[in-house]
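Both of the next two complexes hold chain A, though its partner changes from chain B to chain C.
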Partner chain A sequence: MNAHLKPAPVGGPLLNAVTLTAGVLVAVMLAIVAIRFIYGLGAVTHLNDGYPWGIWIAVDVVIGSAFACGGFSVALLVYIFNRGEYHPLVRPALLASLFGYTLAGVAVIIDLGRWWNVWNIFNPWTVNVHSVMFEVAICITAYIIVMWLEFAPTFFEKFGLTEAKRRLSKVMFLLVALGILLPMMHQSSLGTLLVVAGEQIHPLWQTPLLPALYLLTAIAMGYAVVLFESCLASAGYRRSIELHLLTPLAKVMLGVLLAYLIVRVGDVLVRGALPLAFSLSLEAFFFWLEMALFLLPFFLIGTEEQRRHPARLFLGGIALLLAASLLRLNSFLIAYQTVIGVDTVGVNYRYFPSLAEIMVTVGMFAIEVLGYIIITRRFPVLPRGEVHA
Partner chain B sequence: MLDEKTATSLLEAGEEESQRRFGLSRREFLKFCAGLAGTLGLAAGSEIAIARAIETAKRPSVIWLHFQECTGCSESLLRAEHPTLEKLILEVISLDYHETLMAAAGDLAEKARKEAMAAHKGQYLLVVEGAIPTKDGGIYCKIGGHTAQELLAECAADAAAIIAVGSCASWGGMPSTVPSLPGWSSSPTGSAGVAEILGRPVVTIPGCPPNPYNFLATAVHFLTFGTLPATDQLGRPLFAYGRLIHENCERRAHFDAGRFAMAFGDEGHRQGYCLYKLGCKGPETYANCPTLGFGDVGESNWPVGCGHPCIGCTEKGVGFTKPIHTVAKMLNVAPPLHYPRISEEVGQGMSFASAAALAAIAGAAAGGAAMLARNLGLSHQAAEAQKAKQQTAETRAEV
Partner chain C sequence: MVTRRDFLKGAVAAGVGSTATGAAARETRKVPETAVGLLYDATLCVGCKACVAACKEANGNPPEFSTKEQLWDTPLDTSAYTFNLIKVYQNGTMQTKDAEKDGYAFMKTSCMHCADPSCVSACPVSAMTKHPVTGIVSYDPDKCIGCRYCVFACPFGIPKFQYDSPTGKIGKCELCRHRYKEGRYSACAEVCPTGATLFGRTVDLLAEAKRRLSLQPGSVTTFPRGRLGEAAVPGVKWREEPDQRYEAEVGRYVPHIYGEREYGGTQVLKLSGVPFEKVGMPKLPPYSSAATSETIQHTLYGGLIMPIAVLGLLTWRAKRTVPTEEEAEKNEGESA
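Entry: the complex of A and B
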């Protein structure tokens, strides 16, 4: 590893237009969350018996944690496939993951109707080991802890705790292994949550392969988010872009994406669900939108020449992030057909997020942006790079 | 409950005796006694007293009279399968007169009754099945030349206790129903119940037919303790008739949630919803039908269990009087703490604010991404131009 790639704080002021805006959005979110905890979910959300999960689960938790797969995907590449050249990307990716997952955990608590019972998940006497939800909850919790420990050397370096860093580095191999295993387990289980929902999920999305689809897109999203975040950081901090790393990484991402598309299209064909995609329905429209977004990266960064262009890498990353997010939004909300299996005749449930729900989700992303800026400016995360004049 | 030692000794002691007398294993016999104790709502330990009483007490003489009835009460007793109840009844009691079951006929039968009454004067148990006609001197029901009124008065005089089994004997039941035609103020035969005829209260086991275990438990209580169980003001044992059917009904949750079957075979009926709106009389009828299985074929084998509204057969003024599909009068309404909403909230669509917020976010994100991509493109171009310039300079220098 080259010396100039060793991570270092970016420096600079913490107070600027971006952090101020993010701060205001976070304050709005905190106010809404306070109302939610005092007056209940009904006071701020549009949730109902037909749609017990809204965007706080579908976006904040499911999409939020998938956005946070950068750390896991890069670690997979560096430590499992032994591609050490990508090592400088690990820390910034891990930071984004850390925020994504921690906030996903917080979002679950906000969304739980009776959140004060949540301790039962961690009490061996009350757990239901046959529950998909239990597996997701335990894995996410364990992964959040593992990730903070994985990221801890950054804080140790900042505060000069060399002894603590040395001790932690002895068990780091174990943490890294867990940090790859745990997200693989629960990213796929997020798909299993829908498999157990049975016929309530539209046939274009309901498949026993959902866990595999969720896992493959989570890995691809991990690389996409690194492309996205690296371009954003270099533009925002006026640093040179790590094209020598991002160009091959984009190729890896396309490989995973191709594997996903083969499984996805093959599954739809084998199950005979394809004719439904040609019906005039909201589901069919969103299916094609999702597929188009998944194909877009091949047109944007399909050739080696295109992958050397930072703007194209940035847009390609965004396209994949949107596609995989839409897959999650589609399968959790748009493909969710609540009237089937409900014993009340003639009830057709509807759901569209309330303004308050949207503002909480926006606030969650604002926290991530704010945290990312503060930590990269003050702590050694990003590779030391030459700053543009 | 039984302690282990007593249980073992009881189990071993009478194994052969149980087998011989009741056709039951000792364990089955004790389970039966415990079941009866449970039905009666007796304290733990009383199953031993019951078992000892059934085994050791001298079989009480029972005289069973039939008047205006269909013998359904006797039939339901005989059809009980677990254990074979008729065997048990015949071994527990000495049934000296029962028109359906006794082999004797005619004068021989009447002779047997008179002999038993003389032999067990003041000790026999009198069971009456069927209503007693009173109109025109009671001529509408005669046995051996005597009217039902005369027979009842004769047998009741020296009885130790009287049990009226079935709705007919309890208050007149179906035969006492007044025709809904102009000019009628009583039933065509002027039928009445046992208590009305005798002018004093008797224990009644109403039902059409009643659950055989309610009768048997009452009889065994008499056998064990020498007294009849505590009753309400209508003579019905409280252990069986202390609560409304509605209170323990398996469909009660549907009532509380406002889910009703509106017609036979409709969606709600098929889903097992509450039958109140089909005329179920559970809310005004006292009986233990929902809690004590009928006919030994499973807990759903009672009218409400198999989808028919209760007709209130144990309740005078309800059964055989109110039309079957007339909605019941609520005797007591114990509302749940929270009623579920009657109309389910189905959620709301897009609001102007949320749509505007989403559009603004999407616009800002798209704009930001476009600007960023443009800058990245420009800096890329600049870098490429720089590189190209350098290369030209280098080539020039080389030249």
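Entry: the complex of A and C
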């Protein structure tokens, strides 16, 4: 088998049960978003002054963009650690990242209460460079642009723009470098966003090490999402699975995960927050659930033998994705309580997402599935593989 | 502080895999000398809520209802339409005012105007700003993008958002700065019949609070009403007011001036007969999380030194591993 197989379109019909279902879900989402823009956030969400951020931020933006870290994690491996053997994984991972980030950007706009002022973030006279949100916004925007440029050769190929493709290839190394730096910056900053909330974030999650925790899990999620997608694409398109790449990739993922766990557990111990994990509280329950999910990949794919099973790789990837997602959901929502210690004279704010909020999140996911299918079937993204059936 | 800085250096090393640049930690800022604010003395408050009504009127806010019969303004908490609220503490038989057990007490809820506000640090577009002279934390809807990071960040739960509007704004107390040109100060202090809420310079308010704490409970002293002292604000001449001082008994205070140290200090100060945690004031450290957050940001991104260094390293590696089209074609020719 040639290791340098060029990517090729998968081909096949665009209209099937999966794309049709996704289409309906997207239509529902668009209807809800229309209501949100006409009547305001309160018309469709359960957001309140105790929980100003709901799942549109915690899931669609924070978790959604972390799911989109495949492109940067694989590029880090291939181009910085010079592991060229993983090269066939770059394009599909980059595609998923491109979609994930573009949609996270769209999700931000939907959630912004005064979206028409959003240009103020890029206005030198109004920006606040000390704001973590500013850093996140600038880096995400820049990264989306960089990724579209990184991915442009695929479109140039499709439309026969050979001269444009050649020119772009000359600066591609710079785009690749930026495409690694920018997500490192904002994925860590997504964690730093919580630091300013101080005491309002439960001590099991509030730490100045949040940027390190978010960065390490974002990288690990990048590899996990490649395991997940490769297995799914092989099954869905009935192609042979790239086990010779996925088995060692899973080991890299476990290495990053181990580094994360050392920092995470060390931090909780050093800050003396561990006793709180043994209290009878919602936070303690979710803390242990999160830790259990982070340990699960070691049981699923801990040995070389286990890492040769596609089903185990798939499950190991899912376990890590769930764990790192729960870290984000926990620290942004479960661990958050506004104005602590107010029990006798306060309003007890509660938040659980509304059906409409959930349907928008589902719709975002549907766009991603739909886009992935259309592009891989029509554009040269996936490695040219033998088809079983 | 040493441990916190060590933490940050650890975050840098683990986070970016580069040596720490050693950017200085940003200390919590102090209340400006010329800052203005409020002093709320819960033992003087009679719960008449004249301040709540006056605040609504001064800021053009509508009534909010929490009862079935929508007869009068009955908000349960501050909101984007209620910038000031008197809450009540109730315990047991509720017989004695300002007693923790079997008593009741009032507490004013409104913006504390922090020395180092989280909302200002959080806001990406400088819609929340702190005035360098008056220290007033004010809001500009024309800059605001509605991200609600200020709502998320504030440890007092003060900035609030209008979720019921497609063009919702943030609402919070700005100490009635829009009335200064008419020579009028904060409406809540202006209307307070007992002087439970006073307007003035924070240094004067702090001295007054200390004076009250030093007095014997039950002894008689003079309490000011409305504005305390000159309360000088550059360019502002306050309206003439009659002498409103009166004599009354000194309350039984808990020995604590809330806001003197909390979160690095606030321009609104509070005295109470019931422990502050019981009346809705959070227990906070003597430093602001804005300082912690900005220290991390400055350590990682100060002068863009670290990002540029990392980019240089990445570019150097990528230059060797990312093939241009010519190189890619050449490689293919060789391997074929």
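One rule holds for everything that comes next: the second predicted complex is superposed on the first by the 381 of 389 C-alpha atoms of A that agree within 3 Å, B and C clash if a C-alpha of one lies under 4 Å from a C-alpha of the other, contacts with A are read in each partner's own complex, and residues count from 1 in each chain.
Basically, a contact is a pair of C-beta atoms (placed from the backbone, for glycine too) under 8 Å apart; a residue touches a chain by one contact, two chains touch by 3 or more.
Note that this is a predicted model, so its numbers are computed, not measured.
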Joint occupancy of chain A by chain B and chain C, clash or fit: clash
First (chain B), second (chain C), both or neither touched by A:311: first
First (chain B), second (chain C), both or neither touched by A:156: neither
First (chain B), second (chain C), both or neither touched by A:237: neither
Which of chain B and chain C A:50 touches, first, second, both or neither: both
Contacts of A:298 with chain B and chain C, given as first, second, both or neither: neither
Chain B versus chain C as contact partner of A:132, first or second or both or neither: second
Chain B or chain C, by number of chain A residues touched: C
Part of chain B, among the options 62-70, 170-178 or 332-340, whose backbone runs into chain C after overlay: 332-340
Shared chain A contacts, counted only where both chain B and chain C touch the same residue: 47-50, 344-345, 347
Touching residues (chain side chain A, partner chain C) in the complex: 4, 37-43, 45, 47-50, 52-53, 78-80, 82, 84, 111-115, 117-118, 120-121, 123, 126-128, 130-135, 137, 165-166, 169-170, 172-174, 176-178, 180-181, 184-185, 188-189, 192-193, 195-200, 207-212, 215-216, 259, 263, 336, 338-342, 344-347
Residue numbers on chain B that touch chain A, as the complex places them: 267, 271, 344-351, 353-354, 357-358, 361, 369, 372-377, 379-380
Chain B-facing residues of chain A, complex: 46-51, 231-232, 235, 241, 309-311, 314-315, 318, 343-345, 347-355, 357-359, 362
Residues on chain C engaged by chain A in the complex (per definition of touch): 4, 7-8, 10-11, 14-16, 76-77, 79-80, 87-91, 107, 118, 120-127, 141-149, 151-157, 160-169, 277-280, 282-285, 288-290, 292-294, 296-298, 300-301, 307, 310-311, 314-315, 317-326, 328, 331-332, 335
